[in-house]
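Scrolling down, you'll hit the structures one after another.
Same chain, two partners: subunit A is paired with subunit B first, then with subunit C.
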Partner chain A sequence: MKDLLKVKNLKTHFFDKKQTVKAVDGVDFDIRTGETVALVGESGCGKSMTSLSIMQLVPGPNGKIVDGEVMMGSKNLLKLTENEMCQIRGNEISMIFQEPMTSLNPVLTVGEQIIEVITYHKRLPRKEAVKQAIELLNMVGIPRAEEIITDFPHRLSGGMRQRVMIAMAMSCDPKLLIADEPTTALDVTIQAQILDLMRDLSRKVNTAILLITHDLGVVSELAERIIVMYAGQIVEQASVDDIFDNPLHPYTQGLIESVPDIEGEIGRLNPITGNVPTPEQMPSGCRFAPRCTHAFGRCFEEEPVLLSKRHNTRAVRCFLYDEETGVKNVTDTKNTYS
Partner chain B sequence: MSPTQKTLIADVKNEQAAKPILEVSNLRMHFPIKAGVMQKTVGRVKAVDGVSFQVQPGETLGIVGESGCGKSTLGRAIIRLYQPTSGNVIFQGKDITRLKEGELRKNVRKQIQMVFQDPFASLNPRKTLENCIIEPLKTHGTPKIEQKERVRELLDTVGLDATFANRYPHEFSGGQRQRIGIARALALNPNLVIADEPVSALDVSIQAQIINLMEDLQQKYNLTYLFISHDLGVVRHISDRVGVMYLGNMMELAEKHDLYKEPLHPYTQALLSAVPAPRKKGKKKRERIILSGELPSPANPPNGCVFHTRCPAAIDVCSQQIPKLQEVHPKHYVACHLYE
Partner chain C sequence: MLSYIIRRSLMAIPLLFGITIISFGIIHLAPGDPTALLMDPNIKPEDKVAFMEKYGLNDPMHIQYLKWVGNMLQGDFGQSLIRTGTDVSYLIVERLPNTLFLMLVSTLLAVLISIPFGIISARKPYTLTDYSVTFTSFIGLATPNFWLGLVLIMFLSVQLGWFPTGGIATLNEPFSLWDRIHHLVLPAFVLATADMAGLTRYTRTSMLDVLKQDYIRTARAKGFKERRVVYKHGLRNGLIPVITIFGLMLPSFFAGTVIVEKIFNWPGIGLLFVDAAFQRDYPVIMAVTVIAAVLTVIGNLIADILYAVFDPRIEY
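On to the complex of A and B.
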């Protein structure tokens, strides 16, 4: 599979008078053509900022991408002018957001908003664009598309609005769809419908999806590969099967164990203690060390690097694993368990 | 605890088991829809439409359902934050549905407390933590000298540092705020705590901390919980029995193991199958039932069974007659024509 997007050492910081908040602090990953990658983490871990940085929608003037590259083919998206970027957004990369109500324009009809994208990027005459908009609405499973197209967003339910957002995002057959918590605001039965739709569409048009979510359930439904973020950094990267069968990083293990399941044994939950560190109190050394049950001396002094096993997509940022091979370091674990 | 003590407690529990702490019968909560210049009532939103159940002392009854199913309204109608349209709420043997406000405050409010979903909206931003927790104590006449001591004690119980007492809510994270909300609810030693989506606004790792805390407190103070949530995993974890609501009606009510292992109502089956569960080692992927369509409006619910418009197993009678909640297996109640 070809690499579609390569993110290298991305750093997005927020500046104010008192301090610098390092929302995204050196993130590297790539997305291959047609692949679904999930970016997982708790609120404030920088997952949304990573996606906004790719789209160059970081809220200014305080937020700035200070370093890094986002390569799409031979183009570095971070070097493009605003005009050039407009040709990419909604065309090659498109995005859907968590709250479908606030991301649709309330004073324009649904149809008008989809037609706008099509006429802008494909330069089609209006008549053609209307026809395509109806086709798109049919494709995302909206009944009576010819009538809905003249409706305003407030007339639609949450699930319907999210379908409209998806129709709009898919209107130019993007190579990459960034979905930021696409089903968080929806009920489970509607969520199941939307996840099904996204899976079908990505297969049909071979669109890669970058799924941003905090819900490990949604991840296992949709994604092939997972990137776990904590405090602005990637802490683990692996395939879905590997993550759930054998999570390496203590944070990933904690995340999986804190979710109460709907089947199997009911034991006491095993939560991660403490809270996500605030930017002012970012610990030195490993950022997860103060909450980690396996932490030992070195964790508090040095920052671990993201290690990847050779010939493998797996990577982990933790001193428990050997630096050369990425294999579990037995001597260290002995120390920590005692 | 010595064995004799244990049996003693068990005996007491058995005795109480016959007497439910809370009995809700045929509760209805309709909201009028007003329109026009004269504000004439043109319709009714049937948020809760004839719900009955009992809660035994010391147990946790979970109520699940999707948004708009009336689960939160149910909680609020029980505690009389809304005046129910009809039906009865019997708390510790006494009908509280039509008690006067003063009487309610004097005798009932102390015993039933509520924990709310949004820890950001449910705490007054201009009150320090101490003032926030002291308020119920003042209202219900705890002697002034004991008040501050009690606040320290409560903070300690919910795992917050007592030195936090003079800080304001904005200084705390979501999880800490929810702990404050719980401390406030416990201030008056209630018997019944109605928790309305207490962990929905929290991150998973924090969510697990709060669930563990609630379980500990239940053991310690022998609390009874009515736990309202949309999250089926969380409800399964914390509840003893679970009720499933849809469009203002109770569709199924059973012991949790029965409900999750063998859901009887087609809606419960669909709901459970729709939950995207993290894949765990050696587990098979479950069969999915995807419901078509969306929730009908509670202002104009379908005739007969409210679920028949989306039900994959609907038969003719479903659109004509309203099914009654009946005991199909021991302690397993279902409102569905398929089991009649």
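On to the complex of A and C.
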């Protein structure tokens, strides 16, 4: 599979008078054509900011992308002018959001909001765009599309609105769909339908999906590859199977253990203690060390790097895995702090 | 929609009656009567009584009111007590268009100036532009209308001679549009400033709030340029709360004309009202009050209809 998007050393910081918040702090990953990649982590770990940085929709004026590259083919998106970027957004990369209730414009009809994307990017005459909008609504499973098209968003349910968002996002056959917690605000039965819909559509037109979520259930449903973020950095990258079968980073292990297992015995959950560090109290060594049950001396002094030596398909940022061998360093784990 | 307008208009009828009862009562509570100002102080008491009798001013209040209402419902507002023999309806018909014209132009001026400035402010919050607009608004808010009017007359009319000092047209000259506009500039501007500051601030706040909404982010994510995002997706949402303020401002515009017309000697209904109030010219006062009340009710109705136009979530 070809690389569609390569993110290199992306840094997005927020500045205010007192401090600099490093929301995204040197993130590298790539997405291949047609692939579904999940970006996972707790609230505040920088996953949404990573996606907004790719779209260059970081809320200004405090937020700024300070470094890095976002390569799409031979183009570095971060070097494009605002006008050129407008050609990419909604066209080659589109996005859906967490809150379908508030993400649609309340004063424009559902149809208008889809049609305007089509006429804007594809430069089609309005009649043609209307026809396509109806097709899109049918495709995302909205009944009576011809009628819904003249309705305003407040008449639709949350699930319906998220379908409309998906129809809008898919209207120009994007190469990449960024879905920022697309099912978080929906109830469980609708969640599954929306996930199925996204999977079907992405297969149909070979659209890659960058799925941002904190819900590992959603991840296992949809994603092929997982990127785990913690405090603005990637801590582990692997295929879905590897992550669930053999999570390497203690943080990933913690995330998986904090999800109730339907087959396992019913016992207490093991949540990760503590909270994501605030920017003022960013630990000097490994950022996860203060919450880590395996942490040892070195973790508090040095910052580990993201390593992918032996594990070619996977990468992990942790001293437990020796730089040379890439296997678990047993002697060190015995020295755990608790 | 039509049935809503009819329903609202019917609901306005008891409201208008209430307004007339209260104003009728208040006006007659005020000390003095028309004879005090009108007549020769040496008038014989029996002549005074005859005058009061002629205009029904000796009747008990409720009888006076009922007589007045009865006549009004037949379209007869009575005759002016001061300008003897002149029908009040004639005075109103002569002057109301002048006032409505002044109000319309000032309202347009206020809207056309404040809303764009509010938007500019909201698009660049906490910048020099925003602070300048805010600063100017507050100066506008703090400046009394009558003072601004007098200062403008003093500088622009008296010293520089750019504008006439008052009136609606140059006397003894045939009608010319340019002359009308020339006379209109200052009063319309002064009247507009009264509500411009508030309208700018409300537009700013509302747009600032709207531009943070999720659907604005959606519009940006669709690749639209800033202008389309702000004007197509933001403005209509941003104007919904401004309509409320606008509806509340229409009556205050009418009140503003009272002062502005007095200062600029604008032959409108406001000037008529001030003079009538000082002279206790009851029929004129009541007629103007009724018209003001009707205009207020219409203003609110317009605001409510505009809601439905701007916000599809509202259905009548």
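Please note the rule applied: the second predicted complex is superposed on the first by the 331 of 338 C-alpha atoms of A that agree within 3 Å, B and C clash if a C-alpha of one lies under 4 Å from a C-alpha of the other, contacts with A are read in each partner's own complex, and residues count from 1 in each chain.
Simple rule for what comes next: a contact is a pair of C-beta atoms (placed from the backbone, for glycine too) under 8 Å apart; a residue touches a chain by one contact, two chains touch by 3 or more.
Just so you know, these numbers come straight off a predicted model, no measurement behind them.
Peer 1: Do subunit B and subunit C fit side by side on subunit A in the superposed arrangement, or is it a clash?
Peer 2: fit
Peer 1: After lining up the shared chain so the two structures overlap, which partner does A:Gly159 touch, if you call subunit B first and subunit C second: first, second, both or neither?
Peer 2: first
Peer 1: I'd like to know which partner A:Pro260 touches here: subunit B for first, subunit C for second, both or neither.
Peer 2: Touch partner of A:Pro260: subunit B, not subunit C.
Peer 1: Which partner chains sit in contact with A:Met282 here, subunit B, subunit C, both or neither? Use first/second/both/neither.
Peer 2: Neither: A:Met282 stays clear of subunit B and subunit C.
Peer 1: Is A:Val305 touching the first partner subunit B, the second partner subunit C, both, or neither of them?
Peer 2: Touch status of A:Val305: no partner.
Peer 1: Under the stated touch criterion, name the partner, subunit B or subunit C, that contacts more residues in subunit A.
Peer 2: Counted on subunit A, the partner with more touching residues turns out to be B.
Peer 1: Is A:Pro106 touching the first partner subunit B, the second partner subunit C, both, or neither of them?
Peer 2: The second partner, subunit C, only.
Peer 1: Smallest separation in Å between any Cα of subunit B and any Cα of subunit C in the superposed model?
Peer 2: Nearest C-alpha atoms of the two chains are 10 Å apart.
Peer 1: Give the list of subunit A residues in touch with subunit B in this complex.
Peer 2: 42-43, 157, 159-160, 187-193, 195-196, 214-221, 240-241, 244-245, 254-264, 266, 268-273, 275-276
Peer 1: Where on subunit A is subunit C touching in the complex?
Peer 2: That would be residues 55, 57, 82-83, 85-91, 94-95, 97, 99, 102-109, 116-117, 120-121, 152, 154, 165, 168 of subunit A.
Peer 1: Inside the complex, what are the residues of subunit B that reach subunit A?
Peer 2: Those residues of subunit B that touch subunit A are 66-67, 173, 175-176, 203-209, 211-212, 215, 230-234, 236-238, 260, 270-281, 283, 288, 290-291, 294-295.
Peer 1: Per the contact definition, I'd like the list of subunit C residues that touch subunit A in the complex.
Peer 2: 213-215, 217-226, 232-233, 236-237, 310-313
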